[in-house]
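Next up: some structures, all given as structure tokens.
Look for chain A in each of the two complexes below; its partner is chain B in the first and chain C in the second.
Now for the complex of A and B:
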């Protein structure tokens, strides 16, 4: 915007790096906790850079062997902190709920983007309103409903509720991607005698595939990080990573190293995914109302 | 119809059998009416949004009686109780304070950092990418991270603040005057980048001409920010406030993980209070009433906000 002198540019760059370093510090520190020798977690003054590496927490949590401390042989698959099944729960829930939400939302948002009907504006706003519902106001009645129908503690129950949670985002975001595709394309195809379904399947959906993929990634992340519904609607049958991590805090002490290792395991896939959708991130976070 | 479609739309069909399969889709899917397309969505919202909503209303008019192990009709008693419950008003107060404080800090910090990072110099793209990472950490895990950083004995923040002489020996999260601030720091850390990204997108989409002419007219940087940048970001700011405000008002994860509402009732938010009434104190009806109350507050405030700012989706 404004032209800066070289000195000003250097100062600006330094300030920018400093600010981002402050924001990155908790993540860095958490990663070091996951990989450091346990007794060093409690050292005072806290060790920021000169910590000693240990793969023990990771071996215990993920049942893989780095060859440290002979931990893996005894613990793989058996220890108290072995969390691969919980990671699997998280993946199943996130993938299935994303597929469900995206399938429902692409159909609906195509119609909302292309067809006009009475009360359409209100309908879109109603969908937006469901995004405003406090999760606790859904989780409480859902607990009793699920209890009646035997859906508590099941994959089906969690998948359905996560899909529901992601529907407003998916519908509004996909509608914005469909709105980007000129309506003339549909009209030309309609004149040529193609049906709406054919146009959707063969023209518009393939053209919006980038947007659909970005929406799917965001749905996956929101399901992956969700806490309240899984906390409320599961007991022992399944648990996703954020919920099971909170059980590491016990009255006899907190297993910080294991918790950090699990946290790292939960973060890394999400980091990779978010870097894939950088281009559409702002649009996604604002439910399709702001384009980058 | 088949014939015309295939010849008109696609001159050389590569997979005639696949096209035929598409055209044999259920008849209602070929319609030009919106309803069939919306049916799955409507079914889902009906079963999983409207039904729980009405069930919640029904629940709020009942209460669990442990002696009989059953729900009993109590009519409007729960609502009367709600308005007389000082702990509920306390929780509402905490929630509003939490929402307002975090929102203001995130807006100001977000705007500052966005202005700082709005540059095409080498390295800035990388920095913007790094900032997005906080957004995808599960909030419950963020809560743990800050639980560790703010730990009374070996937390880095505690240690740093003690060395600076700002904090005495009392633990951040164990003291009712600082506990809420301790929780808010986690929220601010995680969601300030959200504001930064949104504002950056707004800044980068702006036309350059008004700024050039303002510079020629000798406007100061502050005047340019106040009179040009801020008004042009109006819609962006409104959207950011709406989305963040909603999420802040219904906050649960951080307080549940970091303090469980304590010490005392210092960090009870409305969501946490409703959840604990239902699942810790077995006040099923009352918990449902509180959750409905928070739903009403959020819907009214958000709708008024949308109407005032004339946001369109």
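Now for the complex of A and C:
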């Protein structure tokens, strides 16, 4: 590898920082909107650094008192804009649906990777084909089914539909990760008397943990950002962040400060989840990049 | 219980959250809160949930002012006994009345009746989607419908006529409810379709003239009384103040209902109509083309962004002080007067819409009533598929009662009341001052409803035509897809006539 001159290294570092800045700027600007006074949100030219701090949007959305704007302690449980329970709804739905999808997909994909049965190729293609159907085509039939089964507006209902939505992708991704683990390892364990379940639990699954983590992150993000099913299959019992964000669109204008506050708050759980699996995630994302 | 400051706040947040989710009743909540040393004022902030304009908090002092009519609440308590424990559900747009009820007033109804109220607040398009699904399935997932005037005909067969309900269920008829108190023009414009009263008039956003008095005074302009003068004022402001301040502004997003609202205003103001008496589209006649010509001239004095804005962008443009005047929703006025949110607080004034260029057309189709003051009102209806119709009917009466409307008007950010008596109420008049939630524009709103109101036609296809067909083609026109107003109007005529004729 060619060594770089000091100038080249500086240019490379500057370019890297520039790319980071380009990606980070929208997040920074969104963050400032969450914490600025309403009248400055659409200031022209836009205020990048010189804006007036206000905690009002956060107070309204999360019921957290900063004591800045209202002069008195504000309490949780406020008006239409109080979204703390909805953030919790999002966390419950995303975490549970991810656990459910990964649990089923890991077992299914291991079986598809290691076992052979008639029509397997068609079966795998069928799994893939379920992703081809646009969600809007099934949302309304799901509404009727859910109403009949009492799943409308329930955690169970939304967790199930999000898990179902993520299953095909999870199965196919995990199958590719399992395919990358040599079959000989299983065979050696079988000769030593290990059962399939033991091999899966003690040998193959731990080896594929990076891939499982990467798949879990994708499932979590898809559930965290899913809009259509939650809109169609819920009423007032629960709502996730993408759907309640539309609550800020009122007949007299959009409450952008509140929407930004919710957006900033909604980043936190996803950020924490990704942080938790980060170590394995890097392994997972690069797993399979090298073939034997 | 002994709490340090932080623990106390967390505990308050926790019990409030439980109360909001319905896990504890109001009484338990209040008792627990009292143990934490919270007075009535603090409870106001936590449980009366007063809005700060568009869905947030309102001040403790204002929350303490809520004392609903004791006679009405006593009657509700008795009448609702058989329905205690039932839940009624409403899907609604985030409008001032819905926000005020959901954020501040609902607990009073729930405490008196034992009926739980769940309100789902959504953007207008999503409300339409939810209601359409509900009536198509006939499942009654919602007990109450928020019905925009443009959807009235679509849902007329899916609701209970409130007049018939009031007459037939005397034990559930609220004393002194006074149906005659609703402004007659509104009953015709937003509640009646084909002899059926679809719902009770709920709110009334309506186009009024709003202008910057500081700019008008500086440039020596007078309040426009004609459409020509309105255009001339826009041009004068643009010439003197541009490019920092534009002559006027708009809500002209392609494919959005707001674009259709603007169009009808200019169309009616030029003596045109959407439909003729034969049910054919007439927006492409001489008056319709004159309206397009006027609109194009007006657009030259608007910010570039208007073709991407709905009412949100239009409202923001005035709020930011970059537009000198607007003929638009009166609902904006209290928002623009809010010193915390607006750069033009105290600078705006309201006036009735200018007179049309020629006489308003009287021969129209599908009950269309031309008028420069385009109304976008809505009604509150009880679903005929609801399994809790009686409980829903009690809620509908309470929500549209005179007493509740007064609180909606004073707490909800200055909505247009639908009852005559509310305009005269002292509590409403007391808010006639500069500031958030002002009511100083309401005299103009009242006069506009009475003398200048325009109502869109009522036909089952109107929801599709007004929310899709017409604004999509108009959007294409402003994007340059059509060469002339005649071409786009002819294209719209063909599409509309095809849809109407089935």
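Here is the rule we use: the second predicted complex is superposed on the first by the 226 of 292 C-alpha atoms of A that agree within 3 Å, B and C clash if a C-alpha of one lies under 4 Å from a C-alpha of the other, contacts with A are read in each partner's own complex, and residues count from 1 in each chain.
Keep this in mind: contacts are C-beta pairs under 8 Å (C-beta built on N, C-alpha and C of every residue); 3 or more make two chains touch, one makes a residue touch a chain.
Since the model is a prediction, treat every value here as computed from it, not as a measurement.
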Q) Where does A:209 make contact in the superposed view: on chain B (first), on chain C (second), on both, or on neither? A) neither
Q) In the superposed arrangement, does A:30 touch chain B (first), chain C (second), both or neither? A) first
(Q) Applying the document's definition of touch, where does A:45 land relative to chain B and chain C: first, second, both, or neither? (A) first
Q) After lining up the shared chain so the two structures overlap, which partner does A:189 touch, if you call chain B first and chain C second: first, second, both or neither? A) first
**Q.** Touched partner set for A:249, first chain B, second chain C, both or neither
**A.** both
Q: Classify the contacts of A:14 with the two partner chains as first (chain B alone), second (chain C alone), both, or neither.
A: neither
Q) Who touches more of chain A, chain B or chain C? A) B
Q) Does the superposition put A:80 against chain B (first), chain C (second), both, or neither? A) second
Q: Could you look at A:144 and tell me whether it touches chain B, chain C, both or neither (first, second, both, neither)?
A: both
(Q) With both complexes overlaid on chain A, does A:276 touch chain B (first), chain C (second), both or neither? (A) neither
(Q) Can you give me the overlap between the chain B contact set and the chain C contact set on chain A? (A) 42-44, 140, 143-144, 231-232, 246, 248-249, 254
Q: Please name which positions on chain B make contact with chain A in the complex.
A: 1, 4-5, 8-9, 22-23, 25, 29-35, 37-38, 40-41, 44-45, 48-49, 51-53, 55-56, 59, 113, 116-119, 121, 123-124, 127, 129-141, 143-149, 153-156, 159, 189, 192-194, 197-198, 200-202, 204-205, 208, 211, 215, 221, 236, 239-240, 243, 246, 249-250, 252-253, 256-257, 270-271, 274-275, 278-279, 284, 287-288, 291-292, 294-295, 298-299, 302-303, 306, 311-313
Q. In their complex, what parts of chain A are in touch with chain B?
A. 1-2, 9, 12-13, 15-17, 19-20, 23-24, 26-27, 29-30, 33, 41-46, 48, 103-105, 107-108, 110-112, 115-117, 120, 124-125, 127-145, 160-161, 163-164, 167, 171-172, 189, 192-198, 201-202, 221, 224-228, 231-232, 241-243, 245-246, 248-249, 254, 256, 259-260, 263, 266-267, 270-271, 273-275, 278, 281-282, 285-292
Q. So in the complex, which bits of chain C are touching chain A?
A. 9, 12-13, 16-17, 19-21, 42, 45-47, 49-52, 54-57, 59-60, 89, 91, 93-96, 99, 102-104, 118-124, 126, 129, 133, 137, 139, 141-142, 205, 311-312, 315-316, 319-320, 322, 329, 331-332, 335, 340-343, 413
Q.
Give the list of chain A residues in touch with chain C in this complex.
A. 37-39, 42-44, 56, 59-60, 63, 65, 69-70, 72-82, 84-85, 140, 143-144, 147, 152, 231-232, 235-236, 246-255, 258
